[in-house]
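First, the structure itself, so that you have it in front of you.
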Amino acid sequence: MAKITSLNDLRKIKDDLQEKIRLRENAESPESMAQIKVGMATSGIASGAKEIFNFLVEELDKRNVSAVVTQTGDMGYSYAEPTIEVTLPGQDPVVFGYVTVDKADEIIEKYIRNGELIEGIIPANYKTIDD
Amino acid sequence: MATFKYHLLICGGTGCKASDSDGIITSLNKEIKEKGLENDVKVVTTGCFGFCEKGPIVKVLPDNTFYTQVTPGDAAEIIQEHIIKGRKVERLLYTDPETENHIADSKHMGFYQKQIRIALRNCGFIDPENLDEAISRDAYMALGKALTEMTPQEVIDEIKKSGLRGRGGGGFPTGLKWEFASKNEADQKYVVCNADEGDPGAFMDRSILEGDPHTVLEAMAICGYTMGADKGLIYIRAEYPLAIKRLKIAIDQAREYGLLGKNILGTDFNFDIELRYGAGAFVCGEETALIHSMEGERGEPTFKPPFPAESGYNGKPTNVNNVETFASVPVILLKGADWFSSIGTEKSKGTKVFALAGKINNVGLIEVPMGTTLREVIFEIGGGIKDGKKFKAVQTGGPSGGCLTEKHLDTPIDFDNLIAEGSMMGSGGMIVMDEDDCMVSVAKFYLDFTVEESCGKCTPCRIGNKRLYEILDKITKGEGTMEDLDNLKNLSNVIKDTALCGLGQTSPNPVLSTLDNFWDEYVAHVTDKKCPAGACTDLMNYNIIEENCVGCTACARACPVNCITGERKMPHHIDQAACIKCGTCMEKCKFNAIELI
Amino acid sequence: MANIKLTIDNKVVEVPAGTTILEAARQNNIHIPTLCYMNLGDMNIENKPGGCRVCVVEVEGRKNLAPSCATNVAEGMVVKTNTVRVLNARATVVELILSDHPADCLICAKNGNCELQTLAQDLGIRKISYQGEQSTYREDTSPSIIRDVDKCIMCRRCETMCNDVQTVGALSAINRGFEAVVATAFEQNLEKSTCTYCGQCVAVCPTGALTEVDHTQQLIRDLADPNKTVVVQTAPAVRAALGEEFGNEPGTLVTGKMAAALRRLGFDHVFDTDFAADLTIMEEGTELLGRLNKFLAGDKNVPLPILTSCCPAWVNFFEHNFPEMRDIPSTARSPQQMFGAIAKTYFADKIGVNRKELVVVSIMPCLAKKYECQRDEFSVDNDPDVNYSISTRELAHLIKQSNMDFNNLPDEDFDNPLGESTGAAVIFGTTGGVIEAATRTAYEVQTGKNLENVDFEQLRGFEGIRSATIDFDGTPINIGIAHGLGNARKLLESIKDGSNKFHAIEIMACPGGCIGGGGQPLHHGDSSILKARMKAIYSEDENKTLRKSHENPYIKSLYEEFLGEPLSEKAHHLLHTHYFDKSKNDIFID
Amino acid sequence: MSSVKVKLKKTDIDKLAEVCKSFNNEPGELINVLHKAQEIFGYLPSEVQEVIAHELKVPVAKVYGVVTFYSFFTMTPKGKFPISICTGTACYVRGAEKVLDEFKKELNIQVGDTTADGKFSLSCLRCVGACGLAPVVLIGEKTYGRVAPDDVKQIIKEYMDQ
């Protein structure tokens, strides 16, 4: 490592390095950003949830969208798998069913970025995943 | 670069290491490799999470799952269930002692809810052996700001404005101290970090050094800039091998990056840091004693003035601050004095780290805003008293502090309130006691410590504390008189009034505060020859409960002094005058017929 | 410096800035008691650990009491030295010290002369409220000094003297807390340490923790033994201090009364070490001139400067610390030992007594002398030249025990032949005196001219290290003087590194020279006493008709009848010695 | 003072001289030198102190004064398995004293002593910071947490045959 010779250098390095622990930073204040949970019980994985999970993690990172992606167990919507639940800051959770890579892309661009509701929402059964 | 989907944070602090957190790391990495998840999951060794009671802790991010008391054998399950299947390992989750519900996320645990972490901000979050992680969390940014955008006086003013006071015990305004040191002209000046933490039951400084060493290095450099010192010394206990190792790594890394050394960040400011080792003397927490120790002398305090700011290490102006104080400095410069001073009480700003221990459910290291009440700390963060017992007292400030009781529970904790109540902030030890703790014995415990640690230089501390201890010992043995209680009081006050250094001046506090708050308990020992808490064995008697005794003679046969008599199959009797209170009879009795009262 | 106004005990006083409360009070006749504090102002010796806490006072606005010895005055300060709070604290502190102190005052060597005892009396301590464990240590007896560490109160004065002033380093505080005490390395006997027996620790010890080895009982028995002839020699500094023990002003000369007292004690011959001091000048002076002339003739290998060797603590010091320089000091024995050697040969022959029946006793201001007379090289067939040495203080005790009214004794003279001396010998008792005496003789011998003015003011004074150049009729002779072993060390280091070029150096181990010796009446930290003694010494010199050693008629006849000439073979045998390397004693090498 | 008399080998003396030299024979570095020396010898016998005093040119009494001041320095060799009991407040409140008594009883030695066979030595430590595990016992590098007096026999047994 070369020596850091100015405050600007230090700032630049910091910005680069911050990516490395963004995952942790985001976990620190989940309330302030979108939280995405991917149903990844055996059935979910079988229906391609893993692929969706990887896509979300990588794309959000690439597109510089602050969001926390976690996996969770069975969401109880087996009929619509793969399912993901998205919670925007200050809003109630919304669950999307039959999620494909394309759908996931749409969810990122429209719902997470702009708050536009899109098709594929599963009617809420008044329960969040953690309950 | 791989984008990890999970970070597994594992506490590598001394407490968790003692419970084999290294073994957990090895097992986790092995599992990860076997399952081919090297690019998805990253294992990070961090500093202390604070929740030592439940260590070792493994925290899974991004979902903030908090696994407690993990063993290396649990690694496979965590990987298989949590990482691969997305199911939390229920049995490793924290159980709320009241609701008995599992709580997965640390944010919802009472232990963390009331905490604001400033000094501990990076502990349990970054890998302390990795400067990159520290930089990504703003390390050296405050130093950069100070060097390029502020004059030394502006930095001092900012610290003064923040209201930061020394966290080592004295509570002296830090900015003022820096200003004194900056005003004394000399060819050489020193910044000293006091890491000779010695309060029995306090380990916040060690946790900071183990968890976030760079913040201390950075703050020392900032201090050096304000006072015109190019040399820093960290006086650290030799009994802290892990902290020493991490500091050495941190210093090397900072030098490599040019954040210590010559022309830091392209300015003409030079600063470097060396370690000095303490050798087991509590009194070296006192700054003049510390300086003598660094000079290779006996760690005896000397009279102030002259203050170290005028004549310190090697006779040069020296500024001494403790670890926690330094750890608060960089954030103040980055977030501003106003932000810092918005936290806390009128005269005590910011947060304070406490080491919570004793008869409490959640033993650990916590950081709360000044002004938090003892009740919040003990019952909300600490989770209340262990085993459902009754709260009796909390000892704050270590050997310099006092015991506070029920009536003080709603006192907002800050420097001045604690002193007003007869205790001290000290370095932040907080020991909770329950109904089984005898307050005379507790006072004796602390005096034993002070007698052991007194340097012996001044009469009141050398002989006075010994005499205090002896009187307390007499009382716990049932040999005390009311005159002894008067003597305790007078001697305590004289020691407070005449001892040379802070250690001596505060050493009678445990006695005075227990005399004040538990006078009846002292009197019970003296006049009734009884220990209400049932802790002083000399005042206890073994007694045979007649209705339970079947006359098996097991106790009589075992008694080493043959003081138990009785017919076979008839209730037995203990001759109290001959009994040596060894407890053998109670061990031998199979019928619960022997009690200790 | 600016003056500061403050109030002490309701009295407004004005003192210079930088004054301590204690000094300010004393200057205004308010006597705050002290115990650990010691200040020998003129010699820059101060012991101020602020440890005993006896001198605490109340300062308005301060939350605890202030040690007056270590607290400087400040403008507008309001000090109270005798409130209930202060008196209670002070008494409690003294009670605490007493609670860890043997209560054997009546049979303690320091009884009546103990600062702790006086303090307890002044404060009216009538009971010790705090009883408990007492520290116990092994008693350590060396040839000169007894350490009864049970009586140590950790005032640290001895440590200051041994380390800061003398740089001997035999004593240090050890352990901590209640076990803390001043002791030797590994708590070994003083004999195994680097101790030089200078006795400065004894001189300043406020209690009975450090005292001298007492030979008075042995002396009483010897005086009573009809088969023994007992002769006594008294060192120059004794006569300038002994009177203090009998209530005389410091600086009162009691030479004549001392001689009378000694005679009444039963000594068969009352002689004077001063005689041997004159003899020392003959030997040492000749040795100096010998080396000097060789050097002036171009021999650069001559060991110079020549160092005086009459002080036994100084000899011990260089044997321990500068063994590599042990060829520099004069080989001349000290006056005490020269006296012994002459007494047990020349004088014993003269009166027809076998040397084994002759007991030579010396009265010395010094504790190292007790050790010196026990050195192997000063014995013949296990019979020491000087049997034993007693201190000025011991002599005073002895006189008191013998029911003499010292102050009303007549003035008497010493006996002959070993009692006659010159003014040059008397000044051996003070710093600068030996070298001045040597100069008086060396000058006349070297130049062959008569020395008109024998007072070499430039060699006198209290400065720790002094130097002067004396014109030996065209040849400048550089002279150095040091008193106090710390100063000696500095001077020796400067010789070692070549920064100082002296021809001759006088060194005395004790601050002030022998007048401040470890066996003298205790000065309790008052340096004006030393000054008065010094003045007395010089006045004795002035009053003598003969003031140059080589003019002493009995010295002349000693050479004529017995020794031949200075540095003769006989003189070498009886009056000179050699030195040892003691630095390696402590280190084990397998 | 309890000290074991030893004679130092020439190589040991050289080693010590080397240590002192690495600190420029600075008297101010005395404590650092003592730390290093104790690392090498395991303890600080008087002979080691004498060599250090000689090298740093400080009085040996002073070295001894420093050694006896700091509890970290010891003049007796530690046992093969040094047992340290934390007597910090947290451990005290949770029964460290009883555990200590049990060790004393089982090993039949006092704090600061070493068993006759040189196997165990017993000492007390100030807070080691593992308060969550109180009471804590350290044997060499290994930590035992939540030790009860009843556990003591078993713990000692672990080392008996080693």
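The first chain written gets the first letter, and so on, giving A, B, C and D; residue counts start at 1 in each chain.
Throughout what follows, a contact is a pair of C-beta atoms (placed from the backbone, for glycine too) under 8 Å apart; a residue touches a chain by one contact, two chains touch by 3 or more.
Computed from a predicted structure; not experimentally measured.
A.B. asks: State the pair with the higher C-beta contact count; candidates are C-D and B-C.
C.D. replies: Taking the two pairs in turn, the one with more contacts turns out to be B-C.
A.B. asks: If you average the Cα atoms of each chain, whose average lands nearest the overall Cα average?
C.D. replies: That would be chain D.
A.B. asks: Can you compute the centre-to-centre distance for chain C and chain D, using the mean CA position of each chain? Integer Å is fine.
C.D. replies: 43
A.B. asks: CA centre of chain B versus CA centre of chain C: separation in Å?
C.D. replies: Centres of chain B and chain C (C-alpha means) sit 54 Å apart.
A.B. asks: Chain B to chain D: how many Å between their CA centres?
C.D. replies: 23
A.B. asks: Report the inter-chain centroid distance for chain A and chain B in whole angstrom, where each centroid is the mean of the CA atoms.
C.D. replies: 39
A.B. asks: Multi-chain contacts in chain B: which residues touch at least two other chains?
C.D. replies: If we look for residues of chain B contacting two or more partner chains, we find 281, 298, 455.
A.B. asks: Considering chain C alone, which of its residues make contact with at least two other chains?
C.D. replies: In chain C, 173, 175-176 touch at least two other chains.
A.B. asks: What positions in chain A touch 2 or more of the other chains?
C.D. replies: none
A.B. asks: What's the contact topology between the chains, one of line, ring, star, complete, other?
C.D. replies: Graph shape, chains as nodes and touching pairs as edges: none of the named types, so other.
A.B. asks: Which chains touch which?
C.D. replies: Going through each pair of chains, those in contact are A-B, B-C, B-D, C-D.
A.B. asks: Hey, which residues of chain C end up touching chain D in the complex?
C.D. replies: Going through chain C, the ones touching chain D are 163, 168-176, 183-187, 193-194, 586-590.
A.B. asks: In the complex, go through chain B and note every residue touching chain D.
C.D. replies: 13-15, 18-19, 51-55, 198-203, 206-207, 238-239, 276-282, 293-299, 314, 355, 357-359, 363-364, 395, 398, 429, 431, 433, 437, 445, 455
A.B. asks: Under the definition above, what is the set of chain D residues touching chain B in their complex?
C.D. replies: That would be residues 26-32, 34-35, 58, 65-66, 69-73, 87-90, 92-94, 125-134, 136, 143, 145 of chain D.
A.B. asks: Report the residues of chain D in contact with chain C in the complex, numbered from low to high.
C.D. replies: Chain D residues touching chain C: 1, 3, 7-10, 13, 46-47, 49-51, 53-54, 58-65, 68-69.
A.B. asks: Please give the residue numbers of chain C that touch chain B in the complex, ascending.
C.D. replies: Residue positions touching the partner: 49-54, 56, 64-65, 67, 70-72, 85, 88-89, 92-93, 96-97, 99-100, 129-130, 132-133, 153-154, 173, 175-180.
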